[in-house]
Structure formats: structure tokens, C-alpha cells
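If you scroll down you'll find the structure; I have some questions about it.
Labels run A, B, C, D, E and F following the written order; every chain starts at residue 1.
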Amino acid sequence: MEGLTHFNKEGRATMVDVSDKAITTRTATACATVKLNENTYKLVREGKMKKGDVLAVAQVAGIMAAKKTPDIIPMCHPIALTKVDISYEMDDEKSTIYIESTTKCKGETGVEMEALTAASACALTIYDMCKAIQRDIEISDIHLLTKSGGKSGDYNYKGE
Amino acid sequence: MEGLTHFNKEGRATMVDVSDKAITTRTATACATVKLNENTYKLVREGKMKKGDVLAVAQVAGIMAAKKTPDIIPMCHPIALTKVDISYEMDDEKSTIYIESTTKCKGETGVEMEALTAASACALTIYDMCKAIQRDIEISDIHLLTKSGGKSGDYNYKGE
Amino acid sequence: MEGLTHFNKEGRATMVDVSDKAITTRTATACATVKLNENTYKLVREGKMKKGDVLAVAQVAGIMAAKKTPDIIPMCHPIALTKVDISYEMDDEKSTIYIESTTKCKGETGVEMEALTAASACALTIYDMCKAIQRDIEISDIHLLTKSGGKSGDYNYKGE
Amino acid sequence: MEGLTHFNKEGRATMVDVSDKAITTRTATACATVKLNENTYKLVREGKMKKGDVLAVAQVAGIMAAKKTPDIIPMCHPIALTKVDISYEMDDEKSTIYIESTTKCKGETGVEMEALTAASACALTIYDMCKAIQRDIEISDIHLLTKSGGKSGDYNYKGE
Amino acid sequence: MEGLTHFNKEGRATMVDVSDKAITTRTATACATVKLNENTYKLVREGKMKKGDVLAVAQVAGIMAAKKTPDIIPMCHPIALTKVDISYEMDDEKSTIYIESTTKCKGETGVEMEALTAASACALTIYDMCKAIQRDIEISDIHLLTKSGGKSGDYNYKGE
Amino acid sequence: MEGLTHFNKEGRATMVDVSDKAITTRTATACATVKLNENTYKLVREGKMKKGDVLAVAQVAGIMAAKKTPDIIPMCHPIALTKVDISYEMDDEKSTIYIESTTKCKGETGVEMEALTAASACALTIYDMCKAIQRDIEISDIHLLTKSGGKSGDYNYKGE
């Protein structure tokens, strides 16, 4: 049973030393799900084509949040991201929006938290722009999908 | 069917005018859930008592993120928060941490997004500090629990 | 000849005391102009209707920058903006985009700098998203259009 | 006719992948112009020598803004700037201040936006510190002057 | 013996509820001291009059840092500062610079941390700009000088 | 007598060009001291073991502030820190807390300011969380302890 790595000898939080880790190209993909009711979903769906594009604003929010990750997550290292992208999948049956965010860098440490932060901020922005018409929106299933680069190797989510 | 409010006549995003809304005391409570495996959960649980307190770091992250909300969520108004608090409930059966965040202000607009952002950042920080030992952590059930103040009145979540 | 107000007795910069100024509703409108060549202009124009909406991204950038004004302009007071909006006018003849930004607050000091910062960031974002296809884009005519509220009263730009 | 590069296949904004671009030393110089009336110009001019140095404050604002570029311009990559400098040229005839900003880095992508953001923030700060005595100040002629490094090679502005 | 107030019932950090505190005008003055060697002190002293004004840059840094206080000090409330000023006293005998910062607001909570953060950032900036010529600079005597407003009343430092 | 390096030919502040400096591993250790009265010290000391851990919050504040250094100290270069750690030494005799912060990077310029900023923010946070029970807390002895890497070589503080 391996222990938590983000603590120093005194048991206090620390931004761990990554100076000696190899500089490799690292990517991560994360996801988040926003469940809307039929009415709200329809308005967002239509906006994508006509006026009031909620997803365009959420896209910008997610990308900017990825860059703010070390400012939001205390023990994250500052990282020079070389790519951030977000895409959506719309489930008309379930009135649900699936968000997928991808991040990339060449550095000593991974970009999972950047992808997760992008997906979360994107979801929260959809929430914000729809909250006047629906109050019980739910954000869920925020997790890592894939990850590559670094010593620990590749990873693919095997959840349900 | 009411329309989306965050767009101007041109159909572009706007930070809506709240100048004429009444200044009232507004509160909001939101939640988020972090599902860990047994091993990770145990380490976090123990840390709460001994060394390496993951939840203490996540607490600070959540509170600081609440203050950053207008910088993360594009159409949110800057708000002079008068209170931010976060509490945890630990479910030993399900190896799950329930986060509850409360925000308060006296102003023209609500503090839901601040509570939701606090809960999200808190959850992401737990993820970050445990990701070295578990890669399939999942954050879910981010939604509003209660809200009071303002013209639209009180709200209580009636989800499952 | 009135002197500069942003300096203390030692001649050093100061964030002037506005504690005793009346709290009134204050508004400001500012503008900026982005001159493109025909090709670039056409792509931005089309994007507005189809794919790749440069102006939607610039809109978000401008609104977020308005909120960052006290962090960008050193002697600006932190202000709880109650509204930020941006609109565009497209001049097909001159391949030129006119940006107009409006800001509002109820406070002790005006919101001109917030409107000007929004317009500038909006223009810079258009520049950024077009710079791969045109390098001699020019931003100009950044100035205040109107202003209301506060002791100094209303103002309307009388330039050319 | 080349297309806009900052959009993904879905037509949404993206922070483009620069992972495979060569790391070279990159520089950029940009400019901005601030037109004052005679009275204001004189006060700024004198301040440079005596008390109340507007340009010293604007210098700091411009340099700090260059570092904030990825936080202001949504699709800009975070860049480890290795140099930022700003210089002024005073035109006593035209009561005009010419701002020139230079940025430098060793990286995968250029520093034009950093130079343009520095010049803009510098100009806006001059505006802010003079707005109490003149309301029709105008900022104009914000554009790139030169650029070097990277695949696209050197560039020199050939405008009027 | 009164207890620490910044913790909730679970013993975790909290941004305390100030919603019910009276809105009064609040001021605070804090100080910091920078001890230089003779050579460094002379260069800073001269710069004040001629070229390379270290104190002008430190002034801007201190004022901007006051506005960043809730972003630097985790449990600080966001405050709409109505004034920030910094002044220096030069001790030629001791090659020492005394920094004094004053902050003001009308709100529910005091501005001590804002004054202390301003003085600290100002001192650190002097350090930064002199560190190439002296490595053993020391910053000390950072404390509150006076404070007024709020329930707890006025305070005057009675230290040595 | 060497001159100040952070100024350009015009005598104005500049973020100096470090493009040609060698990329080496650089470390810095800095310190700060917080003097409390017996009562306050005891509460902080106890909190370390039981409830209300002031030092845990200050730890997070210091680490996050290190990452914000280029945003707080105007002429500091943005640096990709590879490590930040903070440790405490408690002096029960003198009711004093000694803070020691360590920073590391692989880059063209040193990390002294990052270590000093971390120590300062950590000290200010202890102040903030104790100020309700003691008003004459004093922060002092902020200086560099050691530094390695770069052309100028190693340094060890030789003060009292």
C-alpha cells in the first residue's frame, strides 16, 4: 500500500519535487457530464445552431480554466500547456451533454488536473448560463479518460 | 418556455444587468461527491486524524476558488462574499466523501455559482492529492442543495 | 490648469481615496476599432454565421477583462460591476469591426476604465485569432463614448 | 485563401497544438499611440522629470500585463517570457506619446500577443492616470512592428 | 482565553461570516522595514532623484498587492478598497527604508491584511530590484501601526 | 560599485533579458519569523495537534503564493517551479514560529523571490488567522538562507 505523495516529512502539504523527472510529451483526456431537463437541453441545442451559443462560452471558460489550474489546485505545478481542446457530444435522448477535454505539454509532470479542471469549468459555465431556467441541473461523471507520457505510462479508464 | 438570459440582442453572451435588483442577504449551499477505492479512502480518512490531511488542503482550495468564481465562470458578476464554508461527510461503507459548501453575500445577485465552484475545486483537489495512488477516482453529483434571498425566493433540491 | 490626481504628496502613485464620494449608478461606453484586410474580414464575417466564431470568443474575452481591470490598471479601484456588454458593428466597405463596450456599477467611482479595458481585450482577441492569416492588423480609435453618474456628470465624446 | 487556425473540427475555439513546433528564440515588438491635449501632455512630460511620473507607473503596468497575456487573451498559450521592455518616444509637436514594447522567449510559439498586450495596458494606464483632467484621450495605432523566430520567419511592419 | 475564530465546528478553516457586522469606514496602517548595506542604499537613494527609481516600482507593486490580498491570504474576504497609499522614510544613518502603507474601505470587515500585504509586497519588490548587487538584504518589523472602524474600535501599536 | 540591473537605458524598469543565460537546476531557501505572545502561540501550537490547524492553512498559502510571484513582484520572470516546500520550527521559549521555504526550478533565472514570497505569504496567513486574538503580532527576519545554481554560484547567509 503506497502512501500519499503530496506531504513532506512533517505531514504537511508540499508541491513535490519533479526536477529529476524526464521531460516527455504528456497528454490527458478527461470528461464531465451535464444533465439538463428537456426544455433546457432544447434551448442549448438550438443555441448551438442559432443565437445564444452556451457551448461556445463554456468552451472558452474551459480552455482558460485549464491555464489557471495551478492557481486553483494548490499543489499543482505550473505547466506550459501546448494544447487545450474541448469537444461536446449531445445526447438528445437523455437531454445530456458530454464534455471531453484534452490537454498536452512537454514537461516533467502530467496534465490530468488541467484536463479535469477544463472539463469542470466548462460544465459549471453551462450550469451558470442555464440556471435561470432550471435549478436542478446536475454535473457528474468527472474523471480521467486517457493519459500518456511520463514514467507511469499510458492509462485508459475502465469504468462502467 | 422562458429563454436563456445571458445573451444580448445580437445573440452574444453578456453579463446581465443586475443594477436594479434589490440588495438582500443571499445564501447558497452546493455539494459534490468524490468516490475513492477502499485503499485511497482509508489513507484520506487516516490523514484526517494523523499526518497528511488531504481534506485540510481541499478546504483551503475550495474557499479560495469561491473567491475566484468571476474569474473562472465568464458571465458571473464579481461578488463581495461575506462567508464561505465547506464541510465533509465521510461514508466508510462506500469509500465516498460528500462535500458541502456554503456561501453568503449581501448583494444584487445570488451566490450559487460560488458554492458550486467551491465544491468543485475542493473535489478536484482531493483528486489531485490522491491521483498518484488511484487513477479512476470519480467526481459526481455536483448540484445546488439550497438557496435563499433574492426575488426568485428559496429553493431546496428535490433530486433522488 | 488642474494637476494629476493619482499622486500623493511625495509625488508617488496612489490609489486615490474615494471613500467620501457618493454611491450612484455609473455607466460608461467605450469603443475600439479593428482594421482587417478583405480576406481576413471575410473569414471573420462568415464565421459569425457558420463555423469558427471569432467574435464570440472576443466577446467572452472582453467581458472577462472588464472584471480584471483593477488587476491590469494599477491605480484602478476594485469595482463590483453590475453589467458588462459588448456589441459589434461590421463595416463591409472598410473591412473594419467596430467594438462597443458598456459597463455599469453602483459605486463611488466611475467605470470608464472597465469599458476601455473590455474593448481593448476584445480587439486584441480578434487580433490573436486572425494573426495567423494577417500580420498587419491594426487596432485604433480606443476612446470613451459616453459616461454617466458621479459628481462630474455626463459626458459624450465629441471627436471627429 | 488560408482559413482561421484557432478552431477545431466542430468549429469551436481551441488552443492550438504547438507541441511539435521547434523551440527557437522568438522576439516581437509592438506599438501603441496615446494622443493627449497640450495641457495633459505637458503635465505628463513634466512628471517625467519631476513629481508624479505617469510613465513609470504605465511601464510597470505594461510589463505586468505582458505576463498576464494568457489570462487575458483566451487562446494564447502560457509562455515563459525571458524579457519584457517598454520605451517611450515623446512628440512635443503633436502632444503624443509613442509606446514601444519588446518581448522575448525561447519556445514553441511567438510572443506578438504579449508585446501587443503590454503596449495596450501601458496606454490604458496613461489614460487612467490622466482621465481626471482630460476625457477625450485617444489610444490608436496598436500593431506589430517586428517579429523574429519560428517557422514563419521575420516580419517588419510596412504600414503607412 | 479567547479561541481562534477562523475555524468551523469540524476544526477546519473557514472564511467567517461577516454578513451581520456593521458597514463602517475602516482604515489600517501597517509598516515594513528594508535594511540595505551602504552601497545598495545609496543607489536606491540616488535613483529616487535621477534614473532607475526602485521605490516607484515598489509603490506600484504594493498598491496592486493590496488588491490581491483575498487571493494571497486564504481566509480574507474580498474587499472593495476605497484607498491604498504607500509612503517611504529614508534613514541615511542606518541605510534603511521604512515603508508605511494605508488602506481604507467601507465594509463589514477590516483592512489590516490589505495594509500588511501592501507593505510586504513593496518590501519584496525593493529586495528583488536590489538582489543583483546585495544578497543579504533583510526585511523586518512588519506589523500593524493603527486601525480604526468596526466593533473592536481603534488600535495603536505600542511596540518598542 | 555595480549598478542596478532592472532598469533600461531610459532609466525605466525592465524585466531583464535572461534568454542567453544557461538553463541549470536552481534552488533557494528563505525564511521568515512570526513573533506571537504566549497565549496566541499556545493556541497555534495546540492546533497543530488537535483542531484548527493554522499552520496547515499557512502552508497552502505559502505554496500558492510562490506560484503567484511573477504576478506580485513586477520585474520577476514567470518560472516553471518544479518544487515548493515549507517547514516550521516552533520555539516554545520565545513563542516564535520560524518559517523556512524551499523552491526549485530548471531555468535561466533564480528562484529566490519565489522562496521569499512563499515565506512572506505564509507568515501573513498566520498573522491573519491569529489577529482576532492578538493585534501586535510581528513578522521579521525575512531573508535568503541559501541559493544554488546559475552563474553567480552558491550562497549561504552569514547574518547574525
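By our rule, a residue touches a chain if its C-beta (ideal position, glycine included) is under 8 Å from a C-beta of that chain, and two chains touch if they have at least 3 such contacts.
Keep in mind it's a predicted model, so treat the numbers as computed, not measured.
A.B. asks: Can you name the chain that lies farthest from chain D, using the mean of each chain's Cα atoms as its centre?
C.D. replies: B
A.B. asks: Of the pairs A-F and D-E, which shows more C-beta pairs in contact?
C.D. replies: Of the two interfaces, A-F and D-E, more C-beta pairs touch across A-F.
A.B. asks: Can you give the whole-Å distance between the Cα centres of chain A and chain E?
C.D. replies: Chain centres of chain A and chain E, defined by C-alpha means, are spaced 37 Å apart.
A.B. asks: How many angstrom lie between the CA centroids of chain B and chain E, rounded to a whole number?
C.D. replies: About 31 Å, centre to centre.
A.B. asks: Where does chain C touch two or more other chains at once, residue-wise?
C.D. replies: 10, 13, 53, 56-57, 60-61, 64, 68, 71, 74-75, 78-80
A.B. asks: Based on which chains are in contact, what kind of graph results: line, ring, star, complete or other?
C.D. replies: Graph shape, chains as nodes and touching pairs as edges: none of the named types, so other.
A.B. asks: What part of chain F is in contact with chain A in the complex they form?
C.D. replies: The contact residues of chain F facing chain A are 25, 55-56, 59-60, 63-64, 66-68, 78-88, 104-106.
A.B. asks: Across the complex, what residues on chain E touch chain D?
C.D. replies: Per the stated touch rule, the residues are 53, 56-57, 60-61, 64.
A.B. asks: Note which residues of chain A are touching chain B in the complex, please.
C.D. replies: Contact set of chain A toward chain B: 1-7, 10-11, 13, 39, 43-44, 47, 50-54, 56-57, 60-61, 64-65, 68, 71-76, 112-113, 116-117, 120-121, 123-125, 127-133, 135-144, 147, 155, 157-159.
A.B. asks: Show me the residue ranges of chain C that touch chain E in the complex, using the header's touch definition.
C.D. replies: Residues of chain C touching chain E: 8, 10, 12-19, 70-71, 74-75, 77-80, 107-108.
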